[in-house]
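Both of the next two complexes hold subunit A, though its partner changes from subunit B to subunit C.
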Partner chain A sequence: MVNKLIKEDTKMFLTGNEVLAYAANAAEAEFMYGYPITPQNEIMHTWCKLLPKTEAGFLQTEDEISAGFSTLGGILAGKRAFTATAGPGNVIMQDAMSMAEMMRIPFVCAVMQRGGPSTATVIYAQQETRLTCYGGNGEGFRIVYSTAGHQDLFDYMIKAFNTAWKYRFPTFVLADGYQGKMREPVTLYDPASRGIKMVPVEASLLAPGKIGTDRPSNHLRNTFNMEEELMEVLDEYAVDFAKLEDEISEYEEYKADDAEILIITHGIVARSARTAIDELREKGVKAGMFRPITLRPLAVKPLRAAVSRAKQILFTESANGQLAQMILEAVYGLTTPYSTLYKMGVGVTGDDIVEKVEAMLKQPVTV
Partner chain B sequence: MRTKIALAGEGGQGVQSIAKILVEAGYEADKQVLYIPNFGVEQRGGVSIAFCQISDKTIGEPRYSKADIVIMLSDRAIQRCETYVDENTTIVYDSSICTEAPKCKAKKIIAVEANKIANEQLSARVFNIIILGVLLAATNVLELKDIKNAMEMALGKKFDAKPELRELNYKALEMGMNLITEKAGV
Partner chain C sequence: MTTKILELPPNLPKSQNEEAGASKFCPGCGHGMVLKTLAFAIDELELKEKSVFGCDIGCSLLSWNYMDIDTVQTHHGRTTAVIYGVTRANPEAIGIAYMGDGGGLAIGAQHLVNAAVRGEKMLIVLVNNTNYGMTGGQMSPTTLPGQRTETTPYGRDCSVTGKPAKGAEMIAAIADSDKSYVARASVSNLRKLRSTFKKALKNVNEGGFSFVEVLSICPLNWRTNNVDTWARLQTMEEFFEVKEFVSREGL
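Our next item is the complex of A and B:
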């Protein structure tokens, strides 16, 4: 057991990376494995700085391949373990993340997106959206929470551990360099004070008791001899994953009820959309927002309802339509025309969105 | 009411240090604050920008297109930050560092000689604190006591070890405030 540092509601002024370390501690995480990469380094710095008080563990590995697999090892040994990465680190950790999908290992990872492709910038982007949702040589049996600021980071990092251990799919907190590096006020709390009970962890390997007498064997497979054997397992996973939409999908709507122009976005860009919507509403423009919080699984029913109600859709992202691609598949058959505002690896501001929406009012989109 | 402040200078001028004091002061004064340091791959050199927001209401966008006030502390900072200026922006630049005044269209362009004053009258080390004083006087966002409180939080240990440092920093803050005779209206 680790020592939890936050015993009562505590308002603090922190960077997002610091918030994530505190959240993992609040969630009773016992071990972090990691390899440094900007802009997520301060997650491990903070985690390590707190170690004398928390009595948790940390291992810095030689690269992200090792960090990913070490995390899996810790989890298989029954520890509530996690890791964090970004950019190229996220790319090379995909093998371990795929293994978590295959073996249903409750892997938890915070991703602080930076510019891509490749090394690109160390600053900010939303260009790891597709990678985090669908990376690896698998089918995207992953749960992905996209956060929009520090309170989200704290809330969803705690939630990620419970979701991962309850449903046994790899679970991600998808944020970005802005959220990691920026400072804003946040309220930290003990999850128990919010009625949140941490799902108990258990060892998959070296579990106590004698196999055959005290407990059945744990059959963990990552290799299959026959094609059909593999499909049988994955079909079951697909059924399990499909059930998640009703159970865990989350979304946020902002002034979306009567919105004629519906802005669809996620993560920190949703904050800019709020700024823009407030300004547009003051000018009498009926703008609103639909923000999926879970990108995997998407909340498809409310999404389709919101898209059906609107006259025009605007997709906006700090990427070239990575979210839009997923949304368009989910709203197949609907005919609401859409336009896009994509800034690859660059922050979208409220002004950018206001300008775009005003252009859409002047010249409505038809496709 | 939300105030968008951009501070830009050369790496090493202490831009991020005063930005931290500024937002900490805002936080302690119970305002909504959001601060993004500009961070890149460079260890030193290059233009360092701090994007700050202080507001009475919840802050939405983390980055903004145009600032209410932009502090420019080098020629390169002027070039880099003209994009954050429009007709509602007040610019404060250091005319004892910059070789030319900003040419962009702004609401107001104010020149201060913080660098010269620091070198000649105080110490080069408190150049950034003079700028903090300028910023405090140019805006109506925070009070002197908020800034002093935040300075104690950031530098209190150093001050306790060397009390003359506290005096020097407070003097720099005050001299910076006196450089601004009119409110910038932000």
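Our next item is the complex of A and C:
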């Protein structure tokens, strides 16, 4: 057991990376495995600085491949363990993430997106959306929370541990360099004070009991001999994953009820969208927002309802339509025309959105 | 005259999984001998209940249910990382990472090197049969000079590929001599292999890092009969020195 640092509600002015370390401690995380890559480093810096007080564990690994796989080892040994990464680190960690997907290991990882492809920039982007949702040589049996600020980072990092251990799908907190590096006020709390009970963890390797008398030896396998054998397992996973939409999908709507122009976005860009919507509403423009919080699984029913109500849709992302691709599949059959505002690896401001929406009002989109 | 058939049960170590039945390895493969010997060493030191076995991908993956100890099958090259992940989280555990020469010295070399440097509490068993067996017999880091494989069909040309990697020597050079045990053994002498495994496991049980490279045989991909297989193993033993490289008093 670790020592939890936050015992009562505490308002602090922190960077998002610091918030994530505090959140992991609040969630009773016992071990972090990690490798340095900007812009997520301060998660491990904070985690390490707090170690004398938390009595948790940390291993700085030789690369993200190791960080991913040693996190799996720690989890299989029965610890509430996690890791964090970004950009090229996220790419090479997909190897471990796919093992988590195949073996239903409750892997938790914070992804602080940076620019891509390749090394690109170390600051900010939303270009790891597709990778985090669908990376690896699998089917995207992953749970992905996309956060839009520091309170989200705290809330959803805690939630990620419980979701992972309850449903046993790898679970991600998908944020970005802006959220990681900027400071804003956040209320840290003990999850118990909000009625949140941490899902108990258990060891898959060296579980209690003597082999042969109390339990058989546990052989955890991820290689199959027959194609049908694999499909049988994956069909079960697909059924389990399909149930999640009703159980855990989350979204945020902002003035979306009567929105004629519906802005669909996620993560930090949703903050810009809010600013833009307030400004547009003052000008009498009925703008609103639909922001999926879980990108996997998407809240498809409310999404389709919101899209159906609107006259025009605007997709905006700091990527070239990675979210939009997933949304368009989910709203198949609906005919609301849409336009896009994509800035690859660059922040989208409220002004950008206002300008774009005003252009859409002057000349409505038709496809 | 009636013939009486004596039913002699096989002498299996307790740490070997009886239910797994016959070895899934190719006829003549060395893996079965290495695993059985390892299991006997675990029995002797009474470490079964503390041990976690991780197997790599490649031929090693067939050992996923071979031992009667908790086992995790990992990805190619990643067994070392998974197992030190386990022992970091559970320092009581005896971590055993089992791999071939490709898994240890090529695709997983960074983990092997760093585990040795950090002195991770684990035993790495690297079974060296000088080729990638499961994938059909390609050149591996330890393929002997001149050896024919699928990717060196005219024999390994060291002027193009470099010389064979000597894993035990490399690990001996970087491991902390105060807490490490590094040795190379061979399936030609299972008694010696067993005592080597015992020292290696004892060292891990005392918190140390152990690396044992085992020279092994692959008659299928070597395309050798019994006599030639044995001769090839002897050639390997001339090239790869069989000895303890790092040890300490009391093991």
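Following the convention adopted for this analysis, the second predicted complex is superposed on the first by the 359 of 367 C-alpha atoms of A that agree within 3 Å, B and C clash if a C-alpha of one lies under 4 Å from a C-alpha of the other, contacts with A are read in each partner's own complex, and residues count from 1 in each chain.
The rule is simple: a contact is a pair of C-beta atoms (placed from the backbone, for glycine too) under 8 Å apart; a residue touches a chain by one contact, two chains touch by 3 or more.
In this text, all values refer to a predicted model and were calculated from it rather than measured experimentally.
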Superpose on subunit A as described above, then tell me if subunit B and subunit C fit or clash.
fit
May I ask you to decide whether A:A192 touches subunit B, subunit C, both, or neither, giving the answer as first, second, both or neither?
neither
Between subunit B (first) and subunit C (second), which, if any, makes contact with A:M231: first, second, both or neither?
neither
In the overlaid three-chain picture, which partner chain does A:I268 touch, first (subunit B) or second (subunit C), both, or neither?
first
Between subunit B (first) and subunit C (second), which does A:Y33 come into contact with in this model arrangement: first, second, both, or neither?
second
Could you look at A:A242 and tell me whether it touches subunit B, subunit C, both or neither (first, second, both, neither)?
neither
Look at A:T223 in the shared chain and tell me whether it touches subunit B only, subunit C only, both, or neither; answer first, second, both or neither.
second
With both structures superposed, pick whichever of subunit B and subunit C touches the larger number of subunit A residues.
C
State whether A:A305 touches subunit B only (first), subunit C only (second), both chains, or neither.
neither
Pick out the closest CA atoms of subunit B and subunit C after fitting on chain A and give their distance in Å.
25
Kindly list the residues of subunit A that each of subunit B and subunit C touches, one partner per complex.
none
So in the complex, the part of subunit A that touches subunit C is made up of which residues?
30-31, 33, 57, 59, 61-63, 65-66, 68-79, 81, 95-96, 99, 203-207, 210-212, 217-223
Taking the complex as given, what residues does subunit A use to touch subunit B?
13, 38-39, 121-123, 177-179, 181-185, 268, 271-276, 278, 347, 349-352
Of all residues in subunit B, those that touch subunit A in their complex
20, 23-24, 27, 32-37, 39-41, 59-66
Footprint of subunit A on subunit C - complex, ascending:
17, 48-50, 52, 54, 57, 61, 64-65, 67-75, 78, 81-90, 92-93, 110-111, 113-114
